[in-house]
Amino acid sequence: MPGFMKRVSKTAGLVPGALVYVGEEKTGKPKITVIDYDEKGFQEKEIASVEECFPFKETPTVTWVNIDGIHDTEVIEKIGRHFNLHPLTLEDIVDTGQRPKYEDLEQYIFIVLKMLYCEEGTCDITVEQVSMILADNYVISFQEKEGDVFNVVRDRIRNAKGRVRKMGADYLAYSLLDAVVDGYFLILEKMGDRIEDMEETLVNNPDPAVLETIYGLKQDTIFLRKSVWPLREVVNGLTRGESDLIRKETHAFLRDVYDHTIQVIETIETFRDMVSGMLDIYLSSISNKMNEVMKVLTIIATIFIPLTFIAGIYGMNFNPENSPYNMPELNWRFGYLGAWGVMLLVALGMLIYFKRKKWL
Amino acid sequence: MPGFMKRVSKTAGLVPGALVYVGEEKTGKPKITVIDYDEKGFQEKEIASVEECFPFKETPTVTWVNIDGIHDTEVIEKIGRHFNLHPLTLEDIVDTGQRPKYEDLEQYIFIVLKMLYCEEGTCDITVEQVSMILADNYVISFQEKEGDVFNVVRDRIRNAKGRVRKMGADYLAYSLLDAVVDGYFLILEKMGDRIEDMEETLVNNPDPAVLETIYGLKQDTIFLRKSVWPLREVVNGLTRGESDLIRKETHAFLRDVYDHTIQVIETIETFRDMVSGMLDIYLSSISNKMNEVMKVLTIIATIFIPLTFIAGIYGMNFNPENSPYNMPELNWRFGYLGAWGVMLLVALGMLIYFKRKKWL
Amino acid sequence: MPGFMKRVSKTAGLVPGALVYVGEEKTGKPKITVIDYDEKGFQEKEIASVEECFPFKETPTVTWVNIDGIHDTEVIEKIGRHFNLHPLTLEDIVDTGQRPKYEDLEQYIFIVLKMLYCEEGTCDITVEQVSMILADNYVISFQEKEGDVFNVVRDRIRNAKGRVRKMGADYLAYSLLDAVVDGYFLILEKMGDRIEDMEETLVNNPDPAVLETIYGLKQDTIFLRKSVWPLREVVNGLTRGESDLIRKETHAFLRDVYDHTIQVIETIETFRDMVSGMLDIYLSSISNKMNEVMKVLTIIATIFIPLTFIAGIYGMNFNPENSPYNMPELNWRFGYLGAWGVMLLVALGMLIYFKRKKWL
Amino acid sequence: MPGFMKRVSKTAGLVPGALVYVGEEKTGKPKITVIDYDEKGFQEKEIASVEECFPFKETPTVTWVNIDGIHDTEVIEKIGRHFNLHPLTLEDIVDTGQRPKYEDLEQYIFIVLKMLYCEEGTCDITVEQVSMILADNYVISFQEKEGDVFNVVRDRIRNAKGRVRKMGADYLAYSLLDAVVDGYFLILEKMGDRIEDMEETLVNNPDPAVLETIYGLKQDTIFLRKSVWPLREVVNGLTRGESDLIRKETHAFLRDVYDHTIQVIETIETFRDMVSGMLDIYLSSISNKMNEVMKVLTIIATIFIPLTFIAGIYGMNFNPENSPYNMPELNWRFGYLGAWGVMLLVALGMLIYFKRKKWL
Amino acid sequence: MPGFMKRVSKTAGLVPGALVYVGEEKTGKPKITVIDYDEKGFQEKEIASVEECFPFKETPTVTWVNIDGIHDTEVIEKIGRHFNLHPLTLEDIVDTGQRPKYEDLEQYIFIVLKMLYCEEGTCDITVEQVSMILADNYVISFQEKEGDVFNVVRDRIRNAKGRVRKMGADYLAYSLLDAVVDGYFLILEKMGDRIEDMEETLVNNPDPAVLETIYGLKQDTIFLRKSVWPLREVVNGLTRGESDLIRKETHAFLRDVYDHTIQVIETIETFRDMVSGMLDIYLSSISNKMNEVMKVLTIIATIFIPLTFIAGIYGMNFNPENSPYNMPELNWRFGYLGAWGVMLLVALGMLIYFKRKKWL
């Protein structure tokens, strides 16, 4: 659960609006790329200093500024000053402990999202905060580190694929949102696979390691829930369409993202139910196994303990010479065989009893 | 859980509105049938190419175009272009990972449903997506594969049974919806039977196989819930009657379907409660059985272990000849019988103790 | 769970509005009684054919037509045609798998209720569907079989007891509804008794039979919930008072029924909580008992196993004549007594240990 | 759970509005006291017959009629007739199975409350129904039996303490309500003590008696919930301030009672959570203890069973004289000591094994 | 759970509005500090008697009166009289059993909060009530004891850091609220650490002490929930912005606190889920361990009990001299070795059986 509680010790007690980066230590300049396009033209460049992207603010074309790396609060501050962002917006951008949220500040819409990745191999889930500023003709997006999740959008702009080049900044913001939500499906797919694997193990060969995996899955669903639930309000806020920044044509697309978000949430809930069902089954199957172990012990012990007792009887050393009542059986012709006979009868009786109890 | 997560790897990152079929691989042309009717006349034909159904769009009669097979995205695209459907509608038609939904696009109403089948024999539940376009005077329905669930509607049209021939396209859409919801009752009936069977086994003869069945039933209710819950909103959306495409006379019928949907949902919830109650009972009865096993073991062991000890005492070889204190009992006249007596007393005492503890 | 899923196989796929009786097979004519009254007069008669009740429709007096037996769909159909009922209303009357519902069709109000009976002796709960048509000056009630639940209302009309003769058809409908809800209290009282009995058994003498009773109680609460919950909406629908058919004076009485309904629902929820609490307690007390069984076994085994071992030692046949090291104890003067002494010490040590562990 | 289901057998099937007292059998006249006051004066008297209180109805002063004992339905009926109360109000007053409710009948407000008492010593919770009629210038309160819960209010009126003498009948009603809600805090405090005691026992010395106490606490929270939850609606109904009978100055005080009610409800919910948490802990600690018992048994058995086997071996009577292969160990010089050596090694090995498993 | 139920015995039955301090016994005068500032100037002083702060009420500057210690009800009363506070407000200030609440009394806004501290070392959570009066140009805050949580705000005012000096009393109130909510994050961080520690112990080395810690964590989440949930309504009440006392510029900041409150609540819910997941895992792992113990016992017992029986057989003393059928094996040449052979075979068979059962 990375980033759960990081916020605290660094920012508690600070002036509201103070910019404090709370993520992992990092150095190096953030990478800033600008893509500027309209239906006819398109240019893309990586810029060295923030100031280079300021001129684009005034152009009628759609501008997308993407900042990879939010640890350099000076850059964020400059952008904030130039694009006229509220101090609390800036605080939220660098505070990676934020929950997904949507805020309509009239001049611009501010969106915070959580991007989820599945680590290669282990499939531990890591989380990255993505913020977006959507204004009339530009979008500014902030990522914690370089990632390839927005590449599909970049490609579409470059190749004028789909309708992205024909539409405004709101459609661009939608495309980025869609890319993030699509990422959730990949996580869900992998979780689904793990659950299916688990189900088979559970039925065929439940062992204590299962427990740890179930626990891991449970924690993952709790974590996913926490990350994705607020997204519903975010997308819903956009869909309600109360802001002028979102054109009418884009609403159908936003509703589509909303449907996907609901689908993600429902799938998480389903996973939760399934995982908690698996725990019940696991507990039952442990009980079952213990029951079986107990039965084996009981059968063996219950058959042999009486037999051992009988053998013990005739191992006693009472002296037959001193008294005719002292173990006369020892001198009978068929004493030994008789003893065996009794023992076999006892064993047989027990077996029949167990058979009837359905323990065998 | 077929079709749970299929959507992902194929469509993530694509241009929104891209048509990608995500179901099982399939070849062959989709089967397209057109039924055109009004109160007086009726014609039905299977057509070879999509274009043949386009003329019906303009006729005043009610037209029902049914497409079995949505893997041929080209066909879907042609229909979309001719009937003027939104690209996202087309995307949803071919994306079988969709959740049930209702969308009012003014020109037409778009409905996505889940049809549930019970496999013969095993009664595994399979799911098929059905989409419907309801416009002023036509209905277009899309199925993943040929099925007989709509045959009852076809028969009624052919034979002018009921009021379907006298009413409009909205009544036709209602009839198809009703047919799908009726299918759910069949599933529920079969699940109800399985639960009743299970109940009897549970009481008479609980064994570990029960566990697997309970787990299966639980997963089935989770799966059903996920499929049927959103249906409520769908039918509710239709019933609210905000669209002009749905005439006033049809509302009473839609309310009827709504009632059935609620009944389906409530029955699923009831099944959920019952299945989870069964798991509790199963766990309790395992505990009970283990308790009984333990008691048998304890009774046998507790009676015979002391007896064996006594027998062991008199099997010791202390030499009575060296000392009068060394096991004088061995030479007593009634030593052996006395030993038996002591053993019987111990056994009897134990039995009385168990009797009092109500273990016998 | 009678009548849970009956609807399915008989009606699925039929024309909506088709009249299909889905209850138990039955023959014989339904019994139809007509009571016609106003403040001054009163007449009551059993009629042989439906048509006889038609004239009453037009009279200004309040008319109550009661039909016992809904298997004869022809009778229902005739009534439907004469009293101008919607086909779906008729379908719902004969379909006994309906959930309680309230429908305001302007001309009349249609109510479906579930009457619950406790079977004598076993106290299995059986359910009967009661439908009512409330129009301006008549009430038509449909029961599956003859019953005495409405007799209290009949008596009041006959004897002009209470205010029923002074008020309209809406008050009559209220009285019938009240009679049905009063019936629920009887069921709840019997369930309450069973729960109280159970509680005492649980504390004094929990045995596996308890488990079956708890399971039965649980299923009963699930079943009751399913039957009574929708009633809330029904009575609420009537109470909201949007229909002209319900006079202002009747509202206070309907609110009273509403209060009773809430009370029934709350009591069912309370029973649910109590029954599930009982299962927890039962599970705990099984665990407790198993713990006690284990302790007895452990104490006996832990004391006697070491003793038997010591006895076993001196039952070995090492030859003391061949070597002075071979079991010299056997020839010691106090060997035997010493062995006893050691054994007593071991036993005593064990007992002290158990005492300290608070197992004794 | 007294009074849970009493209503049933006595009142089911009666004419609505019939006055039937359903509480415990009782005789004797109810005690009626009248307190009449305004800012200047105050008089208090116990009256012998109901009629004596009727004149106060017309005076401009605030009048409080308190009736202790509602089993005498004739008294109630007289009051009802004189003060013009609705028959259903009267029915609710004497029907002690009522749930808390608030009804605004324009002429007067009718309130039903549940007063809870903790029995001395056992702390079983008993419940008493209190009804109140609040009209323009009088309050009539009905109690099942004489109690001292309203004495604090009486004292304040007598001594002109607080603002009660300066305000109207609505403030008096508020004061009575407040006195009832204050009584709940006493119950909660006692329950809180029991829970705290329990917690300590749970940690230090869990025994089966704990189970019964937990069950008792659970039933109590269920019962409290059922009694207090509807109170929220009652106080909320009063607070919403839609009735003219409640003056503006009283609203702040009613909101205060509302806050207290919420606090009571939240505390009950917290107790519920805590009690159910205690059951979980209890179950876990039983499992823990059983585990420990099992370990002791296993350690003793696992060490001594192999040793006893070895001793058993050398207790066999194979004849060494007939064959050199028959138990030559018996004649070895160090046979006996060797046997002991082997046994000690086995025991030591076992102990090391258990040490490593952390069982010791 | 300190302060849970303290309210009761001291205040029940008192006149509403009576000032009764219900916290721990305390003596000494409360410490009163006044900070008065505007954009230009600033003064701060500790005053000896309440009256000294009264003149500030009329100044146009923002005044913050902080009272540490509410046990001296006389001081509270004086303030109440001078600042014209409602008696119920005063009652709530000194009644530390209050739940967080927001009340808009038009003249001023009254806020009750719970401040949570983590005790050094043990990390038991203690709670302190903080009340605030927000009027047009002053804020009065009441704390149970001196604390440093408001120091950050004091520092900002002293040093004119941030915008606090430029804004009004509403921003000051916001700053105090923010300081309290920031304190929650510290608690959550510590709880998060404890949960993480616990998780590791759970996996590596679950022992009974774990149970107590889990129980403690569970009680803490219950307690936190109870304290923080109502805060949501408080902040929401402020954010809705219906009061004129809260300026438009402050809304964005209040929304920020609201977001933090939601984050705190969600984290508590997540902790709840995680802790209850841990209990499940703990229970499962106890079962697992018991299973393992049982297996060891069963394997040892099941192997050695039959062997001991065989040894017992040949320890019997049947006299071979009296009958050729009496234990002839004892005189066989390979009798002893044969016996060993049989025993080894039995042991081997058992081992293979366990291997197949996967118990080894």
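A few remarks follow.
In this document, chain identifiers A, B, C, D and E correspond to the written order of the chains, with residue numbering beginning at 1 in each.
Assume a contact is a pair of C-beta atoms (placed from the backbone, for glycine too) under 8 Å apart; a residue touches a chain by one contact, two chains touch by 3 or more.
Quantities reported herein were computed from a predicted structural model and do not represent experimental measurements.
The chains that touch subunit C as well as subunit E are D. Common neighbours of subunit A and subunit B: there are none.
Comparing the contact residues of subunit D and subunit E by number shows a mostly separate set, under half of all numbers used being common to the two copies. Chain centres here are Cα means. That of subunit B falls 25 Å from that of subunit C. Look at where the CA atoms of subunit A average out and do the same for subunit C: the two points lie 41 Å apart.
Among all residues of subunit C, those that touch two or more other chains are 283, 287, 290, 294, 297, 301, 305, 308, 312, 315-317, 327.
Taken as a contact graph, with one node per protein chain and an edge wherever two chains touch, the assembly forms a single closed ring in which every chain touches exactly two others.
Traversing the ring of touching chains from subunit C and stepping first to subunit D, the chains occur in the order C, D, E, A, B. Only residues 1, 4-5, 7-9, 11-18, 86, 88, 91, 97-99, 101, 103, 105, 205, 208, 211-212, 214-215, 218-219, 222-223, 226, 279, 282-283, 286-287, 289-290, 293-294, 296-297, 300-301, 304-305, 307-308, 311-312, 314-317, 327, 329-337, 339 of subunit C touch subunit B when the two sit together in their complex.
By the touch criterion given at the top, residues 152, 156, 161-163, 175, 178-179, 182-183, 185-186, 188-189, 192, 203, 252-253, 255-256, 259, 262-263, 266-267, 270, 273-274, 277, 280-281, 283-285, 287-288, 290-291, 294-295, 297-298, 301-302, 305-306, 308-309, 312-313, 315-319, 322-323, 325-327, 359 of subunit C touch subunit D in their complex.
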